[in-house]
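Some structures to go through are shown next.
Note that chain A is present in both complexes that follow, paired respectively with chain B and with chain C.
Presenting the complex of A and B:
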């Protein structure tokens, strides 16, 4: 069942169009992510849903009710801000109790609910303290608690992990998943970090310049990016995009890259395409050859190695292009900068995009596209 | 290792680099001493002697006699009362008007800059200008106020003729001049409130009053305290406006303690008593100023 429905919302700030006909739907109880680079319009979209921005066009519906013209207070959504926005002169307890105050609930009920939520978020020890004496993680959890205490139908989260250190980010990601499972509320989560989006979201939408580029489950977006922008946004290290040309010889279409010629028969559109293209290949679909090379591949020089612990990212230089390859750490030990290496490409998960528009050229193996 | 062309002796000692700073401020300190510090100490001395500035008799030492006389003088306490009434009502009025103006100027609207400049003008005027302006404004025959009232009553209105209305006239003039000052302080507090807190409060469905109490007020609290203390100190010494508009009248109903000191010193020539009273005032102001500085310190610790 659809809970939140955002339909063609437009928001302009002077000459700048922040949201340009943005549309998406989030199901009831769904964890929905908005993924996009900075200035893509994620924050503006959340603020528009919350009612903090007046829209120039479009509608926002929640639970079948049109809330576009409702004031912020009337929508009853909760929001977690990137800055946390805790009330600096109130204690953690008063911050948590703040959303309940206007409902004129009896003091013992307020105290009980604050204690409950504080226990769930493990901040019971800090209730008497002011925000500036709390650690970043504690502030974060007070902000989460304040958003959850009213049991809102919809929770909006604006890059809530940006101001935390790496370790805390990891823990809080797990925390959000747990909270979502336990409370079952609809959540819309904006982030520039593909890792957050892939690990937490049930479905996500990739944003660019105030528009949705593609919507789907993390698996769908990872496996079949709709265009080259999504291809580079989803997955780390990002997909290699190598400029190439399509030509035809006797046996069928051929993809010419600066450093290799590949059979382009697996792309349906390739038989007729004449425009320049981008060849997309994920770093882990490239592997060094032991002995004789059988499949498609190319020769390159090791340009740079980035050990990340369990895996190592190796930048290969082939002709003028840099191509990233991921190897398990123990295999990568064999390679030094400057070494010659022969690599093979596994073609099943490679993609072809029009260079001009970035649009995906459908492949034969996936007729559903 | 002195250079042959360098001045020798005292001049050389005086011009050496380590005394250059002291030498440069010396003239200023000299003037300050002659014009301010010496008269201050001298008048402090006079408050212990029997002395009248218009007689040639040799002053004789009377110890704390004049302090005792001043403190037991019912007129002094009456003047203190008048001053307290003016301070209390004027500071309160300045707070209310200044606060409302700050709320008005907090948000952007067309013409805000120009209007803000106009509103700040009274504070920049000299006391004499303000005094003369209000004297003309209150004038029974031609004054704007009288003309305005006579539209309704058909009779000219002399606001300075009765004790109560004259007090109101003084308070209004002082508040007109200094409300912009309170506004500036409050405005500084209002704009220091981060906007996202109001947004969070909107999300949390807080009412206007709750938002004001829990977010806005904590940010302007200490600035308001400073405004009250600063204005209290200043209004306590109020002399110029009163002397220009009413000269303390009608009767002595608007005579502040500062005007009374002036009368004692330069109309009655009871110099010793005037000095003693002036030092009592100075003591009160020092106490208030220390409170003010304490407030400033608290504010800077909070930020």
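Presenting the complex of A and C:
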């Protein structure tokens, strides 16, 4: 069942178009992510849904009701801001109590519900303190508590993890998932971080220049990115995009890369003429070969190694291109900068995009099907 | 939170240096206060006396003294003048603060088309030296009957303080995190409650700083007060000016006593607000 319906919303600030006909739907109780680079319009989109920005066009519906012209206060949504936006002159208790006080709830109910939520978020010890004496994590949890205390129908989250350190970010990701599971409310979460989007979202939309590029589950977007932008936004390290050309020879279509010629049988239907393309391959689908190379692949030199702990990203240089490859840490130990290495690529999960438009070139079939 | 540095950490050399600088700044004030306790003979002694037998006579004469040739001590009216100074400065600063806060919030949060032009026009009212506008204002006050009334001088001082108050308070509102106000809107607050419960409490330090600056300006103002107040509404600076001269020349002891008393209210207000003031002056200089 659809809870939130955003239909063709447009928002301009002077000459700048922040939202350019943005549309998406989020199901009831769904954890929906808006993923996009900075200035893609994520924050504006959330603020538009909240009613904090007046729209130039488009409608926002929630629970079947058109709320486009409702004032902020009447929508019953809650929002967690990037800066937390706690009331600096009020204690943590008063911050949490604020939404209830605005509803004119009796004092005993306020006290009870603040205690409940403080316990759930483990901030009972900090209730008497002002925000500037709280740690980043405590501030974050007060902000979450203040948003949840009214049991909103829709929770909007604007990059809530950006101002936290790496360890807290990890913990809070888990916290959000737990809260979502326990409270079952519809959540719209904006983030520039694909890891957050992939780990938390049930469905996500990739934003670019105020428009939605592609919507789907994390798996769908990872496996079949609709264009080269989505391909680089989803997945880490990002997909390699290597400029090349597709053309036909006697036996079928051939993909010419600067450093290799590959069989392009999968794109047999599309390759009717010579076409400049981008060849997309994930760093996980490249592996070094021992001895003789049997499948498609190429030779390269190690340009740079980035140990990330359990895995290592190796930048390979093949002719003028840099290609990233990911290896388990113990396997990567064997490679030093400047080493020659022969690599094999598994073609099943590779993609082709038109170089001009970035649009995906559909493959005829997948060899494993 | 401000945390004071441990006392003594700066070391003797720097403490002494700071002490000497402070003394240089404070010396005129000290001199005035000392003079207030001297007899007429002591005030004129050369070389100046640092040690002398203090007397309170000067303070008594501020309020009541025997005029030359008179027999009985008569009321000088200074009680009223001190009341006038406090009442006029206090009311006009308060009014400027209230109107200034509302205007500043408006300019900061609901910018008009040509907002900066309006702000500039407001500022221009402070660009002319008071002496340039004093004649037209004097005539206007004469014609409208505002001359010599509390209402007139309070009105003038309020107008005088407004541009400065608006600009200063606006800068404090500009510094606030706007998301906090949006959070309050999400939490169900009307615009009025956002202002009173969220925005206003965050700028109290700025209001205190503005109030102190405006108060000192108004408290010391002489020119307008000289021309636009009457015998009943005269403020201390004007009354003090009229004490100079006369048959006995300059009575430094008496002037010292008036100035010492005149310092007290400003000192008390500044002292009471000092913590707020410090926060106000350093506002926005530290990243939150």
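General remarks:
We adopt the following convention: the second predicted complex is superposed on the first by the 361 of 369 C-alpha atoms of A that agree within 3 Å, B and C clash if a C-alpha of one lies under 4 Å from a C-alpha of the other, contacts with A are read in each partner's own complex, and residues count from 1 in each chain.
One rule holds in what follows: contacts are C-beta pairs under 8 Å (C-beta built on N, C-alpha and C of every residue); 3 or more make two chains touch, one makes a residue touch a chain.
Computed from a predicted model, the values in this text were never measured in an experiment.
Partners chain B and chain C, once the complexes are superposed on chain A, run into each other and clash.
Legend: residue contacts after superposition of the two complexes on their common chain; A:310 is shown touching neither chain B nor chain C.
In the superposed model, A:182 makes contact with neither chain B nor chain C. Applying the stated contact rule after C-alpha superposition, one finds that A:99 touches each of chain B and chain C.
By the document's definition of touching, neither partner reaches A:15: not chain B, not chain C. When the shared chain is aligned, no partner comes close enough to touch A:292: not chain B, not chain C.
Once the two complexes are overlaid on the shared chain, A:85 sits against chain B and chain C alike.
When the two complexes are overlaid on their common chain A, residue A:108 makes contact with neither chain B nor chain C. Aligning on the C-alpha atoms of chain A brings chain B into conflict with chain C at a single listed stretch, 76-84, out of 22-30, 76-84 or 148-156.
Shared interface residues of chain A (contacting chain B in one complex, chain C in the other): 50, 52, 72-73, 77-79, 81, 83, 85-89, 98-99, 102, 146, 150. Residues 47, 50, 52, 72-73, 77-79, 81-83, 85-89, 98-99, 102-103, 132-133, 146-147, 150 of chain A are the ones that touch chain C when the two sit in their complex. For chain A in complex with chain B, the touching residues are 50-52, 72-73, 76-79, 81, 83, 85-90, 94, 98-99, 101-102, 146, 150. Across the complex, chain A is touched by residues 194, 196-197, 199-207, 210, 214-215, 218-219 of chain B.
Chain C makes touch with chain A in their complex at residues 1, 177, 179-180, 182-190, 193, 198, 201-202, 288.
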